[in-house]
Amino acid sequence: MEGLLPELEVIRADFPILERTLAGGLPLVYLDSANTSQKPQVVIDTMVDHLERHNANIARAMHQLGAESTEAFETGRDKVAAFIGAPERDEVIFTKNASEALNLVANTLAWAGEHQVGAGDEIVTTEMEHHSNIVPWQLLAERTGATLRWFGLTDDGRLDLSGIDDLITERTKVVSLTWVSNMLGTINPIAEIARKAHTVGALVVVDASQAAPQLPIDLAAMPVEERPDLLAFTGHKVVGPTGIGVLWGARAVLDALPPFLGGGEMIETVRMEGSTYAGIPHKFEAGTPPIVEAIGLGAAVEYLGHVGMEAIHAHEQAITGYALEGLATVPGLTVLGPLDAASRGGAISFELDGVHPHDIAQVLDSRGVAVRAGHHCAKPAHARFGVQASTRMSSYLYTRPDEIDALIEALEYTRRYFKLG
Amino acid sequence: MTAHGTDQNGLDALYQEIILDHYKHPHNAGLRDDFEAEVHHVNPTCGDEITLRVHLGEGEGDSRVVADVSYDSLGCSISQASASVLTDLLIGKSIAEAMTIHQEFQTLMQGRGQVDPDEEVLEDGIAFAGVAKFPARVKCALLSWMAWKDATAQALEEKS
Amino acid sequence: MEGLLPELEVIRADFPILERTLAGGLPLVYLDSANTSQKPQVVIDTMVDHLERHNANIARAMHQLGAESTEAFETGRDKVAAFIGAPERDEVIFTKNASEALNLVANTLAWAGEHQVGAGDEIVTTEMEHHSNIVPWQLLAERTGATLRWFGLTDDGRLDLSGIDDLITERTKVVSLTWVSNMLGTINPIAEIARKAHTVGALVVVDASQAAPQLPIDLAAMPVEERPDLLAFTGHKVVGPTGIGVLWGARAVLDALPPFLGGGEMIETVRMEGSTYAGIPHKFEAGTPPIVEAIGLGAAVEYLGHVGMEAIHAHEQAITGYALEGLATVPGLTVLGPLDAASRGGAISFELDGVHPHDIAQVLDSRGVAVRAGHHCAKPAHARFGVQASTRMSSYLYTRPDEIDALIEALEYTRRYFKLG
Amino acid sequence: MTAHGTDQNGLDALYQEIILDHYKHPHNAGLRDDFEAEVHHVNPTCGDEITLRVHLGEGEGDSRVVADVSYDSLGCSISQASASVLTDLLIGKSIAEAMTIHQEFQTLMQGRGQVDPDEEVLEDGIAFAGVAKFPARVKCALLSWMAWKDATAQALEEKS
């Protein structure tokens, strides 16, 4: 098959969990990577080495362990900055996950500052967002009197851009959208939308939670008009640990935002009567940061970099294409979202007539095939397509074509199990 | 007792014929006009939903009869079949009796497969014994039961 | 020595980092545990086992890995609930650290709800707080027009309670204070203060970041009038990983607070027009939580439980007493805070005439002794005692008396090195 | 060159006699009245502080003379000695010359111990070569230098 990673078996050997067997001695077919990715040995080992040999708090400690820990943590930041081509390494803020990164932005925009959102202002998002890119903006709108508006979707699961001139106007303060949909797989034209949003002076926030694992990102190489002002992603989906996420923001924007959480190393000086704050990135990193997680994330993105994001993207496209073909052979199965692999990411949600997604997932699980069933934290997108839930398979750099075969076979079995035609 | 020959990792214990029958042909489905309380419950993790109405007979407190339970639900086979079985078991019983059955069903579901169901009390409900071994599905089976309990409490409050 | 853990060598063998040598082949004398604690092998192994064999996202996944991961994560919550004697396990909220836990409370109190803080209301804290329990309240006060007030300190480093009736009044909405000071070591009378605060209907927030590692905590056993309404601590100081903290709150209070961060599993239902929220604990856990960290924290508090918090407390007191004696022999050395071990925790900050804390820490480090120098995120407490920085040694369950000897010896060497009398 | 015989893990390279001398007897310390700009810099992690004033001579831009640098500082031996050396090196130089020295010192400090200092340019400042091997202390050594640069920029802006 064209496009697969040439050293696929070597890569699979890097992921210890892939050797696991499930109940009944079945091999694991892990097709839930859009939910969370598996971890290569090097990430686990890096974390263990830190905890066993270098553990100390950072920044504050002057002793040798403290210096080692600080250096490892800040090197994690350098690696993340390189991974997304950040114009400046200090623009990389560590959060606990993508959700916190998005909330950080929505939350600070409520308070006095250059970008403050108020009554009469508008916030624009889309109907295909993850809840983590909807609820923070609903809370912001509710709490400031601003209005939340959104792009609708076309029948084939793309953003409906026809009303863009009505939607993005002088009243628009923020446009926040996902780069790649975690439900429909759609890759959105973020450059075009950013360009438009910037003409009206709006901030552009991009949720890259599903993009960062799959697409090469080079922020510094983007024309400024098309570059997001802020971009969020999450560690556990890029073969890193849980407990860490990333907010990248242009320095000027981050400098202009008021503080989010207070305490720890985010200060310049504290008196009981009032405090002043540190510069970025520390300003937004209150308390002891996720140290071992940042170190693990550094190892993770370095690992992806060694494999090569272009190669991973090609692999994902090949697997996705193969999966779309296979799914098309299952009677009564309908894929939600675009049908050509080139314009989508590696998550494919589908319906199967006559069987509820939970029941599909359950039967698949009994065959060792792990997929996700439910609304995938994208209820509005499901509602748009008139479904309450769907089944989602999602691949990653370790996915092998025969795992797609196992999925298709298990779906056939599901149909037989539920006695469908 | 299994529906499909060899048991695939307990799958047949989960999907007993009785459950699949109730799923395909749910009893007492639909929303009916006579009711004192209506609730809408959601399972946030999976999105299963139920709108459920309770209609109680005359009388005082626990001795009132569960005159009707009507519902409209969206969800998997387990959650749908469970609602269907619930109506079979509870309609016509006194609230006191119904609460006992409710307790029995809940104990079965939360027993991690260690509880032996009493067929006298639970009738078709014993088919859910296998669900208790699948922690992720217990919530599916309990959705309608939680909704019924909530609606009944509201209906009783209404009165007082 | 009376009170030491009987199996101290066995315990030390549980902590792999203690075998490390530093530059020059020197053994590590780690006396910076109030900054962050070291991790026992069982915590590291539990995390590795999870990452290598059970890794999956939680709650949302129906497959076997998902069920295992969810079960392990929620068992982590059970173990934390048991560790602090929480009346209900669902009252335990996982945050990213203690700072986020405190900010969660301060942040949500700004918005509409039963406990909303507004102009004219008063918030009370103390002069000995960590910045993480000062700055969030300053931000809240600034943003709502409320007033921040605080308990001052006595010369021996205790809370000055003489003005309590003037300080805690009908205007007081929140009283937030630390149980054990990370700088002065002082153990505060939180029961007495909670009782007073509750008579005026104020919420009581306790920062247990330094208490949880050292003192047995049994919330359910406290009389309600004396029980905090909310309590925060951090994973990395109780031999757990970074990236996780805990907010415990009484159900009624947590239920009454509006949401903090939006997205992920904190919802009941989401429509573009508006959302409703899940019950606790999920309501306050937006996005993918720190899964492997919660599992590691569960192993950590279970480990502490096996050793026994009473025994750990006795050990800390014995070591602290021994250290206070030793420090008293060093010419020109002044300890900040109470001088009797019984009324303090295991962190001891001190000054040495004629040498700046950084220089002390540096010389100590050259002898393998790791301590912290600086303001320890407690600038107001330093200002109160007219010092800009101090040196702090802090012990834990693995500290051996001869490590205190090494500290004292290294302090003598420091005096000689800087040619002091 | 080491101050105390056997070198304890590079400690003597850090604490050169020159540094300890400047620490115990700082040159040009105190705040003086003639100045165009005053800044207050803090090292947030450790709390070291400096208030620093710059007084420039008449003239245009880079050719103006650094007529005085006065300061009041709180901090460790490294940060105090560094401020003292700074005043020795910069007072009386043109801004252009001072900026070159500033650059040279910063390069030395950020060189992780790999940069060979030029005694012609840095004079007593070469004693800080050992500091570059202690990443946690580099900020101490640079505190006054950053403050001076900031204050000079402000003084120049003031004029224009």
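The letters A, B, C and D name the chains in turn, as written, and every chain counts its residues from 1.
Criterion: a contact is a pair of C-beta atoms (placed from the backbone, for glycine too) under 8 Å apart; a residue touches a chain by one contact, two chains touch by 3 or more.
Just so it is clear, the structure is predicted and the values come from calculations on it, not from any experiment.
Enquirer: When the centre of a chain is set as the mean of its C-alpha atoms, what distance in Å lies between chain B and chain D?
Expert: 77
Enquirer: Report, in whole Å, the distance between the mean C-alpha point of chain A and the mean C-alpha point of chain D.
Expert: 45
Enquirer: Please work out the Cα centroid separation of chain A and chain B, and write it as a whole number of Å.
Expert: Once rounded, the distance between the two centres reads 38 Å.
Enquirer: Which residues does chain D have that touch at least 2 chains other than itself?
Expert: Touching at least two other chains: 45-46, 134, 137.
Enquirer: Which parts of chain A, given as residue numbers and ranges, touch two or more other chains?
Expert: 22-23, 60-62, 66, 265, 267, 269, 358, 362, 365, 373-374, 379
Enquirer: Would you identify the shape of the chain contact graph, picking one of line, ring, star, complete or other?
Expert: other
Enquirer: Identify every two-chain combination in which the chains touch.
Expert: Contact pairs between chains: A-B, A-C, A-D, B-C, C-D.
Enquirer: How about chain A: which of its residues touch chain B in the complex?
Expert: Chain A residues touching chain B: 22-24, 26, 356-359, 362-363, 365-367, 373-375, 379, 382, 388-389, 417-418.
Enquirer: Inside the complex, what are the residues of chain C that reach chain A?
Expert: 16-17, 20, 22-23, 28, 30, 32, 35-36, 38-39, 43-44, 47-48, 51-57, 60-66, 96-100, 102-103, 106-107, 111, 127, 130-136, 138-139, 143, 148, 150, 234, 236, 241-245, 259, 261-267, 269-272, 274-275, 286-293, 358, 361-362, 364-365, 369-374, 376-377, 379-380, 383
Enquirer: Which residues of chain A touch chain D in the complex?
Expert: Result: residues 59-62, 66-67, 70-71, 265, 267-269, 278, 282 of chain A touch chain D.
Enquirer: Given the complex with chain C, which residues does chain B contribute to the contact?
Expert: So the residues of chain B in touch with chain C come to 42, 44-46, 134-137.
Enquirer: Give the list of chain B residues in touch with chain A in this complex.
Expert: Touch residues, chain B against chain A: 4, 8-11, 14-15, 20, 45-49, 74-78, 80, 134, 137, 140.
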